[in-house]
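Note that subunit A is present in both complexes that follow, paired respectively with subunit B and with subunit C.
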Partner chain A sequence: MNTRPFLGWFVSPAGLVAVGLIAAMLAVFQYSVRAYIPGSLEVGGFTWQNFAAMLRPLYALAFWNTVLLCFETAVFTLILAYPLAYALVRTNSSALRSFILIVSVTPLFLGEVVRTYSWMIVLGSNGFLNTLLLKLGLLDRPVQMMFTAGGVVAALVHVTMPIMVIMLAAALSHIDRNYEKAAESLGAGPVRVFLTITLPLSMPGIVAGFSTAFAWTFSAFATPQLIGGGRVSTVSTLIYQLGFSSFNFPFAASLSIIGLALSLAVIALLRKAARPLERMASTT
Partner chain B sequence: MLMRTNQMAANTSVAGSDKARPAVQLDGVTKRFGDSIALHEAWLKIRSSEFMTLLGPSGCGKTTLLNLVAGFLEADGGEIFIEGALVTETPAHMREIGIVFQNYALFPHMSVAKNVAYGLKTRGVDKKEMARRVDEALALVKLSGFSDRKPRQLSGGQQQRVALARALVIRPKVLLLDEPFSALDKNLRGSMQVELKQIQRELGVTTIFVTHDQGEALSMSDRIAVMSAGRIRQIAAPDEIYRRPADRFVASFVGDANVLNGRLVERSGDAAVVSIGEVRASVPAATIAEVAIGGSVDVFVRPEHLSVTSRGASGSLPGTVTTQVFQGGHVDLYIDAPGSARDPILLRSPGIAGLSSCPVGAEIGLSIGSDDIVAFPPGEAP
Partner chain C sequence: MKRSPGTLLLRWSGRVLVATVLLFVLLPGIVVAISAFNDRAILAFPPQSWSLRWFWRAFSYADFAKGFWNGLAVTVWASSIALVVGSAFAFAIHRYKFALRDLLEGILLSPLIIPHYTIGLGVLILASQTNVERGFPLVIFAHVVMVLPFVMRSTYISLENLDIRLELAASSLGATPLRILFTVTIPLLIPGLLSGWLFAAILSFNEFTATLFVSSQATQTLPVAMYNYVREFADPTLAALSVIYIVVTATLLTIANSVLGLGRILNVDAH
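Right, the complex of A and B next:
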């Protein structure tokens, strides 16, 4: 009957991890519906109070800021990654291909703290970028880049690039060169070929890359914490502050639950909005 | 030669017509990929409304030549003209050519009508005119009811028709066909060939057709350019290619050929006489110009030009039947003739009589019954 007798054993480690994850999520959920007792690590009885508190403008704003930050990061990553992915797929030079791969994938191999610290060196008031611009005479005095949303987005774009480049390259490599050649022969210049053929046919990759970038950024912690320096508040930095500065575990837990629900909702929405585009581009 | 050139120039000035001017002209076009030469100094003139086939095995440079005409590749040397205009440096989207790819390359995200309309949109044709011409093109390829379908909802043959309509609707100066039949099954292929040829003749569109299938080339073309290893070996009408191949490669690539061991007996003007054993045959002298009288030559004889006679009949070669292959309309006989040929000789016996009259092991005589025999200096069988 069972033609693959070891299949059950192969998936068992993954099953174990899944069980652990579900248990942890249940624990978080359990915390989120308990009352907070100031000055104590113990939690009180059952309450929905934590969720109700989230409607206050301070927290609602943090959610809104986070969604905005994720959106900006995903958009900039897409704009920067698309040409790279295109060049990666279409170049005949293997040297250029390796160069693009190395440049776009290295951020994955740097630790989050090391990478973020590098950005702090680049973005600081006496940092690399300001010094360079001052020396070149493009600026009169340093520009504030640390502790701004812009700085956070720049660093987040850096870490999201690899996955976006890889997903876009995968989609682009499935587009038959003959589609573009056929369009060219029919009188379409490079811009028209790109807008009417290449771009629509790469839509599945764009949607996949965009939603992945969105989800990654939503859960990013070290980058907004260190570069934002408390002045850029996102859901994850808020959870950290509440949990580890105020020791309000119940409220931190309820923020986590809502954050998770929100990012799932946004991704589901993106997918739904993009479905007609994907169907349009599908070749099968 | 000079006189003919003058005559042609005179024709052009008197008539001023497009007929005298080649629709496509390649002057010594060369293309290299790294160190290897994909196309070596190709010279080719294609007349207006002509159906020209580029025939050769894979890697012979035929697709490179097509891509050069289309503008997808840049030539490393030589010039390309389309309707008299120099286009060597012109980008593909300004050359006004129609192209049908092997895999059709229909835009998967557009309907049939949108696919066909694509080339009209880039030309800024107005909506009403566009709709009219799309309908017209779809009617031409007998797909009138299919405007709203997506390419994936069509069969291979229908996709090919759409690709053809899309290429023709822009009224291209040249139609390029890149092995368009190779993805179709055999029965469909035949009927599509007939239909394509009809449409091509009806519209009078100059066509360059790339194929490795000699049957396709012989049946559809006005002229064929046979290519091998980046060079054009012969440009001629199909019957000329078949009857008077210019070299060993053409003789063996187009149609089946038996190579017999012969000797040059005499030469007089354009003709020469060769002997194969006791048999004498007349061949063109041009292809064996460098062979001395009495020197050995390879004589190429088509299977249908051989016939079976009784053993020892005068003017026949002795042989033994080794294999019979029944092909329906004819019988292929493989005959061992150690004195006359290295390899078994293939003989095509019409009807089914050959099955009973020439059983395996039968000792027979072979006679050569045609003037369409050519000889080449001896060489390795290609």
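Right, the complex of A and C next:
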């Protein structure tokens, strides 16, 4: 008797998709080492020129900006998402639970364009925030918020918030509350219980959320493009610009290879740095 | 239980904090909703006069209507293909060991960390190298790749919770593997399959970055049409469209929450 019924039927379609994905990634690799022929969609012969060009300050700066932007976004998202995830998991009111869940998850499904557009209205010089601050007398003239890195970070925090809340809430919901009760019965105050029990035990969620937020921000395009307005250049906006304004697909390909490598390296580093913390959590 | 003033203070500052963060999350939605009803083409707060005309424009603008139908077709095809391919594969990795299993799983989950512009660029270059037209199959393929991990995960979690003894009972009563699959396994997996499909569909309908690379004028989806609009016009039409978007999405999620239990799907329920 066949002990693995349908194996071939179930695996081969997935195998086909995987082959397609690998072929697409190989195409990017292959283009990244080809020469660019200006004004043509055809590519020339083999060259390392694209990778060498990345050492130029303009491109090196874009990489540095992107990493910084991702890091800031992930930190702020973590700080804002933690209280929300905590309230979501620990509240006794099921109405509040549903409300927090719907409010924090809905943006996840709105797509980058809708969310970015709404931030453009919030941040614009005739926008909501400037008008509000002017009317309250806190400002005497509009402050530039659009086309700044700060504006981009604010919108990106909003974009990565839902996934962070979900990952933190998943970790928090799996904590055995008897640990907290034990600490309380031994006389620890709420702050101490949180800092020595809850926070370390939620570390896997923090690491997962932080690295996911990082990766998402790295891959974000509409937000830096529209809110940055060309004045905040990131890897993603450069790739688009190179591909669709100058048709330099070989250089766009090499940029996205380095971008991918960089984002993978940072995520691996984060996971590695977090391992001692997680071990601490698992022995607590 | 008696609470000390310190604990009470902590409790209330926690509440204020949570309310502030919720306000931050809701703020853009509220602002968009206000500006969608603004009568003037130039935004001002608070609006001087109100109207519904931007909603009419959102409905009558040809690119949005076309983008909507294009997007719907891509979404239905992509999420359905991903459902069949992804759930079958999740079944295989849950039940069997086979050659290249972990490698294949890793490759198919990789779109979770590969930036979408890399996927879009790759599919675009591959298409031009193999002389494939920039038509719907290309867009659908890119979407299948991107939503597959979500379907796989959803099916895998359902399989973990499935009581295998039900299948064994059917088998001991003489049912063939095919019959067990269709009368026991799949019916029991329906909630997981459904939520996986829904997730995939919503993500596919909203996918923007990769779609911008692989779509053409003829195949552009709604998010791409919206992006092109915001670069050309500054009037509140997009605000009106965003309001429709937010209302529809929140309604769908509220329904999903009461029918399927979002907390369970997202794995955030307290234990």
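Going forward, the second predicted complex is superposed on the first by the 274 of 284 C-alpha atoms of A that agree within 3 Å, B and C clash if a C-alpha of one lies under 4 Å from a C-alpha of the other, contacts with A are read in each partner's own complex, and residues count from 1 in each chain.
Following the convention adopted for this analysis, a contact is a pair of C-beta atoms (placed from the backbone, for glycine too) under 8 Å apart; a residue touches a chain by one contact, two chains touch by 3 or more.
None of these values were measured; they are calculated from a predicted model.
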Touched partner set for A:200, first subunit B, second subunit C, both or neither: first
For the three-chain arrangement built by superposition, which of subunit B and subunit C touches the greater number of subunit A residues? C
Looking at the overlay, does A:127 come into contact with subunit B only (first), subunit C only (second), both, or neither? second
Just to be sure I read the superposition right, which of the two partners does A:189 touch: subunit B = first, subunit C = second, or both, or neither? both
Touched partner set for A:103, first subunit B, second subunit C, both or neither: second
Mind working out whether A:181 is in touch with subunit B, subunit C, both or neither, as first, second, both or neither? first
Using the superposition on chain A described above, determine whether A:52 touches subunit B (first), subunit C (second), both, or neither. neither
Residues on subunit A lying within both footprints (that of subunit B and that of subunit C): 189
Could you pull out which subunit C residues touch subunit A in their complex? 6-7, 10, 14, 17-18, 21-22, 24-29, 31-32, 34-35, 42-45, 84-86, 88-89, 91-92, 95-96, 98, 104, 107-108, 110-119, 121-123, 125-126, 128-129, 141, 144-145, 148, 177-178, 181, 202-203, 205-209, 212-213, 223, 226-227, 230-231, 238-239, 241-242, 245-246, 249-250, 252-254, 257, 262-263, 266-271
Touching residues of subunit B toward subunit A in the complex: what are they? 70-72, 91-99, 101, 103, 105, 107-109, 118-119, 122-123, 152, 166-167, 170, 176
Subunit B touches which residues of subunit A in the complex? 176, 178-179, 181-189, 192-193, 196-197, 200-201, 280-284
In their shared complex, at which residues does subunit A touch subunit C? 2, 4-7, 9-11, 13-15, 17-18, 20-25, 27-28, 30-31, 41, 80-81, 83-85, 87-90, 97-98, 100-107, 109-115, 117-122, 124, 126-128, 131-132, 158, 161, 166, 169-170, 173-174, 189-191, 215, 218-222, 226, 236, 239-240, 243, 249, 252-253, 256-257, 259-260, 263-264, 267
